[in-house]
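Worksheet: the structure to be examined is printed underneath.
The chains carry the letters A, B, C, D and E, assigned in the order they are written, with residues numbered from 1 in each.
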Amino acid sequence: MRITDQVRRILDWYESDNPGTKTSLARILMEGKLGGTGKLVILPVDQGFEHGPARSFASNPPAYDPRYHFELAIEAGLNAFASPLGMLEAGAASFAGAMPLILKMNSSNSLTTIKDQAVTASVSDALRLGCAAIGFTIYPGSDFCFEQMEELRELSREAKSAGLAVVVWSYPRGPMLNKEAETAVDVCAYAAHMAALTGANIIKVKPPTAHIGLDAAKKAYANIDISTLPKRVEHVMQACFAGRRIVLFSGGEAQDHVETVYETVRGLHAGGASGSIIGRNTFTRPKAEALTMLGKIIEIFQTKA
Amino acid sequence: MRITDQVRRILDWYESDNPGTKTSLARILMEGKLGGTGKLVILPVDQGFEHGPARSFASNPPAYDPRYHFELAIEAGLNAFASPLGMLEAGAASFAGAMPLILKMNSSNSLTTIKDQAVTASVSDALRLGCAAIGFTIYPGSDFCFEQMEELRELSREAKSAGLAVVVWSYPRGPMLNKEAETAVDVCAYAAHMAALTGANIIKVKPPTAHIGLDAAKKAYANIDISTLPKRVEHVMQACFAGRRIVLFSGGEAQDHVETVYETVRGLHAGGASGSIIGRNTFTRPKAEALTMLGKIIEIFQTKA
Amino acid sequence: MRITDQVRRILDWYESDNPGTKTSLARILMEGKLGGTGKLVILPVDQGFEHGPARSFASNPPAYDPRYHFELAIEAGLNAFASPLGMLEAGAASFAGAMPLILKMNSSNSLTTIKDQAVTASVSDALRLGCAAIGFTIYPGSDFCFEQMEELRELSREAKSAGLAVVVWSYPRGPMLNKEAETAVDVCAYAAHMAALTGANIIKVKPPTAHIGLDAAKKAYANIDISTLPKRVEHVMQACFAGRRIVLFSGGEAQDHVETVYETVRGLHAGGASGSIIGRNTFTRPKAEALTMLGKIIEIFQTKA
Amino acid sequence: MRITDQVRRILDWYESDNPGTKTSLARILMEGKLGGTGKLVILPVDQGFEHGPARSFASNPPAYDPRYHFELAIEAGLNAFASPLGMLEAGAASFAGAMPLILKMNSSNSLTTIKDQAVTASVSDALRLGCAAIGFTIYPGSDFCFEQMEELRELSREAKSAGLAVVVWSYPRGPMLNKEAETAVDVCAYAAHMAALTGANIIKVKPPTAHIGLDAAKKAYANIDISTLPKRVEHVMQACFAGRRIVLFSGGEAQDHVETVYETVRGLHAGGASGSIIGRNTFTRPKAEALTMLGKIIEIFQTKA
Amino acid sequence: MRITDQVRRILDWYESDNPGTKTSLARILMEGKLGGTGKLVILPVDQGFEHGPARSFASNPPAYDPRYHFELAIEAGLNAFASPLGMLEAGAASFAGAMPLILKMNSSNSLTTIKDQAVTASVSDALRLGCAAIGFTIYPGSDFCFEQMEELRELSREAKSAGLAVVVWSYPRGPMLNKEAETAVDVCAYAAHMAALTGANIIKVKPPTAHIGLDAAKKAYANIDISTLPKRVEHVMQACFAGRRIVLFSGGEAQDHVETVYETVRGLHAGGASGSIIGRNTFTRPKAEALTMLGKIIEIFQTKA
């Protein structure tokens, strides 16, 4: 398979990673309809762990079946499918080779008051399931952020030495951050930057708002244009090693109107985002609708930026 | 031994598990009077650990002897017997090969105020005792749920790689959940779903009530029929990978009237449950009564659903 | 499953083995048409390794397919199927739970002049494939017999501690033994005894002839009746801890006339043999013929001795 | 990437391998111009180790550069590139993701009189280089065959548990086999069968001649049609689990006339071979010629058999 | 149990061994009719491995049963029973605690021309069977003596660190030693001394003859009184750290007349031997006879020396 120049250039950013990790990144970057463009759309399905099965799947009952999500990702021509251990195990053999898999290593849940995550999978699981990457969530700002970063350190080291890539979901939260601050542009850029500093190959954050979450940061943002989503995304990309890391953004809150989703995606693309990780907004809809939406999102990322 | 089509189909769900784990599942699924039907009744005896010996066995003193439970499971024609290390050790040689054993790896106790469990056995114990599976309890929602899931991850990985199956008891509890919420249908389905996501081969939950435990879940349940036990069980089964995982339900609270137990079991069966794990309601009764009750329960699961 | 008294008594012989190994032995002893009688017929298929595929399977081409042998063992109602790694891997998932498997750990081949065997599998393979036992061949008398016994020691220790049973094929050969001596009654009894001393749970030898292979043994045999096959088998059984070990005999050389095979089996049974391991004489024949033959052999072992 | 039915069917043969190994096989089977057809052409470059650089590359000096071979494999649209550690290290980063790599784990050399091979790489090397498989050579019949099979056992176990596939080159040689016997049809089928029994996912042998190498095998071949190359290949395929293993054949001896190579490949294809591993006959020629030849070979395998 | 002064004094010799090894020695020294005297009679049964079952047991068929030997040792009031793995496993649970066991770790056999021994057991076997010691045979002078001593080193180290005692059978043989030299007094003393130097707690040799086996030793023996068995035994004892090691002697060759055995034992005792290891001369006789003989031997060792 001829690796495109765009992908080749991206792989070169990861100059200290071994060829195995580059190969895993290439598997993801060359897959699907965006394969070769350097842009990515990834389907994450860990909503069931985070919010429970009914809240995740009741609006579209076929989605209770793990195979549905493998099929959705394949039919939509996405770049990868990310999910916790049990869901990947339920389809990894049937769909072997059909879609790069990202094993989501830790998960939170809505039944507990402790705002941490459980590490529910091992790097050896990722290898035996044929995954291209592991995924890990950190909550910068939370009381657990140091433990989480240290867990990430160990898993990342083990995963990368075995040729896997590492995807870090960086979701700021904690005593210093109110709801608004969690998606504030300064906090978002900061969270993305910390993920990059931990060695993440792919970074996932939420679309940043124009809010500034930290007083201490206000001065620094005096001369940064954060007036539009594209500008804010551009800033986040810059915060990740001057744009030399893959940074993905969620589709934002679950939306009733798909046009709102496209609007956000257009903003991400205009700002130079590497792509989207989009879950809830797809699998809660009937498959035909989800495929249409994903097709449209892919189309946006296919346009010249 | 010819594996029936029903069992063959169930084994196929576990496509990422090795032939050893499938063999262990087949040993359980092909055993006893329900052998080959795809339905299971399992005898669990960890009550002594959880509530003390007198509360567990005084009403039927022969049950103080571990061998009593092996014999009860064998005579009743059950699928497996689950118990902590010491009790299995007290009969595993005498009854070698007579009944698939599940080594209960962790246990709580009623003397402590800490609502965790101690891991009291190892995978090597399960192997040397000839067990078909390990059993593990998680308390989703509790302050210990993350540690428990991480313990489960390690034990599960080791057990499965050695060809054992993994049974997860998923009992929600914790600061957010009052007594009523612990068996609420949304919480029960959520707990079962999390067990599935951790990679459990067999999931054990309590029969769900019509209560909704989490406010955040109420909207999602607006259009889900939870009016009857069968409907609620159907929902829990669906929450476990669209019915592609073995899910067992307890017999409910200890009952004076056996008819109440049968009523529950009929509801479980009508909802498509894989079977029952029924302890207290059997071994607290005289053996003859327990055998009659278990015979009746098996009969219910033998009827066409 | 109710373990019969005959099987219970056999399991009691292995008093130093853990319940896991006893459970594995029980799985084998309770399987198939002879299940529960204490007698066994096992299908071994390592001929392809030892003599090449054409010499093994050309006379009955369906036997080139590993699944054929699983099916033959199941349809014939045998106790176990023994084969090297690759052949078991080709069917262990499809036939999970349907037939106790014995992973043949070492194999010789006819292309080499070195009369040793290669160890081609690990205990972890046996566990992940759901096997009930490992099988190992020693050549007492050969230049490699010490190394082989030491390899056996390690594999046996590891296998037994994980609850597997150990089957030892004991085939005397070497500089001191000519062709006739290899099946001489003294040499055969000696080989069986050594297998017992290494801790084998199940011992496999060839049917002994009336020949005495070692001059030094002649005096000892002056008063032992070795005039008939039953008497010689009786002696071999006695040599294995006074009949307190499971000892299986091969069907003898490949035979054109099945009646010769039955004649041998009748002799084995009359002498108190635990059963037969019979490969070549079955799978080289069309399946219908093989099933008839195996049915007949089972029938012989079912008769009162 | 949609896995074709042909490939899906092949993956199903490997029912005891984990989804990771199936994914690695799929990566190879879906790559290049034959991707999805179930047929493969692989470029092996270990000639330099076996015969020295000048004998391997002097006739086409660009081939001294490892990158030449990566490019050749990519431009020709092959399925995989196999080579020892150092050569893969010289291009694995530059060509990350562009071509499935097979790390050749052991190599012989022409400076020594000992007809063994050195194991020059580790499974962790294969993982850090992003390989899809490890490759290993055994010499059935040689004085080292047992040690080689035991080395293979350990490497194979480790590789498969990490989700890699295993390719075994099975080249008979040794005191019992003269030059003619090494490619005799009985010996070739036997060597392929042994590789299958060790658990190989992909087997590589030489095209078999009509010679019978072992006297003991002559009788078995009395009724097997070995008159033509297609018939002989058919027999070798059958010897590998009734055609349920991927078996590749070399292009035969280095040939001056490409037509001779095509003639052989046509015979292989007509006999149902899975494909070719073809090295010397390609890289010793100028690149344009090699590409023409490989294009022609691929074309042959693309025709309906 | 009050440890006698005699035993206390013996334990003090082993001042660098840990309390566990001393405890194991005490278990042996305090057992049976000689318990507390500092003298020992041990029953070894490895004849079946060395010479085959018929030559060992045919003259007294009950001896085919391993339990016979446990019972003989217990009824005769001996200090310990030594045997290879399989035979100990056949009784270690039934007779748990009834008799100190010595696990014979290596064994030779009469079918091979190679004069080595196979190590057929592990220290972990000795521990799980509840043994007090391991036993190991070395052949000083043989081509394998260095390997054997090195195997002994490893096993001894592991055994002693786990609190087991170590018994070394030191049987000189090899190219420099003819039959007569193997029991020559100089060679016997030399062999015993080497065993002591390897760290053996208990040393077993054959009764020495008045022959001098090595020319080089003749001068040294000019002034040593070796005219009688007591004098020669005295010399051997002296050779073992001036009598500060437990040294046991075999009963000599199998004897028709028991009086010859007693004569030898009287000589051993007169020379200060620690006791006898006596196998063949007991179990080849009917039990009543054997008990009489052992009673008589014990009586000899009970007399004041």
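The rule is simple: a residue touches a chain if its C-beta (ideal position, glycine included) is under 8 Å from a C-beta of that chain, and two chains touch if they have at least 3 such contacts.
The structure displayed is predicted, hence computed values, not measured ones.
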item	value
Other chains in touch with both chain C and chain E	none
Of A-B and B-D, pair with higher C-beta contact tally	A-B
Chain nearest the global centroid, as defined over all protein CA atoms shown	C
For chain A placed onto chain C, the superposition rotation in degrees, Cα atoms, nearest 5	180
Distance between the centres, which are taken as Cα means, of chain E and chain B, whole angstrom	56
Chain A and chain B, separation of their C-alpha mean positions in angstrom	36
Chain B-chain C separation of Cα centroids, rounded to whole Å	39
Cα-centroid distance, chain A relative to chain E, in whole angstrom	71
Residue list for chain A, restricted to those that touch at least two other chains	92-93, 124, 128-129
Which pairs of chains touch, using the document's own definition	A-B, A-D, B-C, B-D, C-D, C-E
In the complex with chain B, residue positions of chain D that touch it	15-16, 18-19, 161
Residues of chain B that touch chain A when the two form their complex	13-17, 140-143, 145-150, 152-154, 157, 172, 174-177, 186-187, 189-191, 193-194, 196-200, 214, 216-217, 219-221, 223-224, 235, 238-239, 241-242, 244
Interfacial residue positions of chain E with respect to chain C in the complex	48-49, 51-55, 58-59, 61-62, 64-66, 68, 84-94, 107, 109-114, 116-122, 124-125, 128-129
Parts of chain B lying in touch with chain C, wherever the complex brings them together	1-3, 7, 11, 18-27, 29-32, 74, 92-93, 95-99, 124, 127-131, 161-163
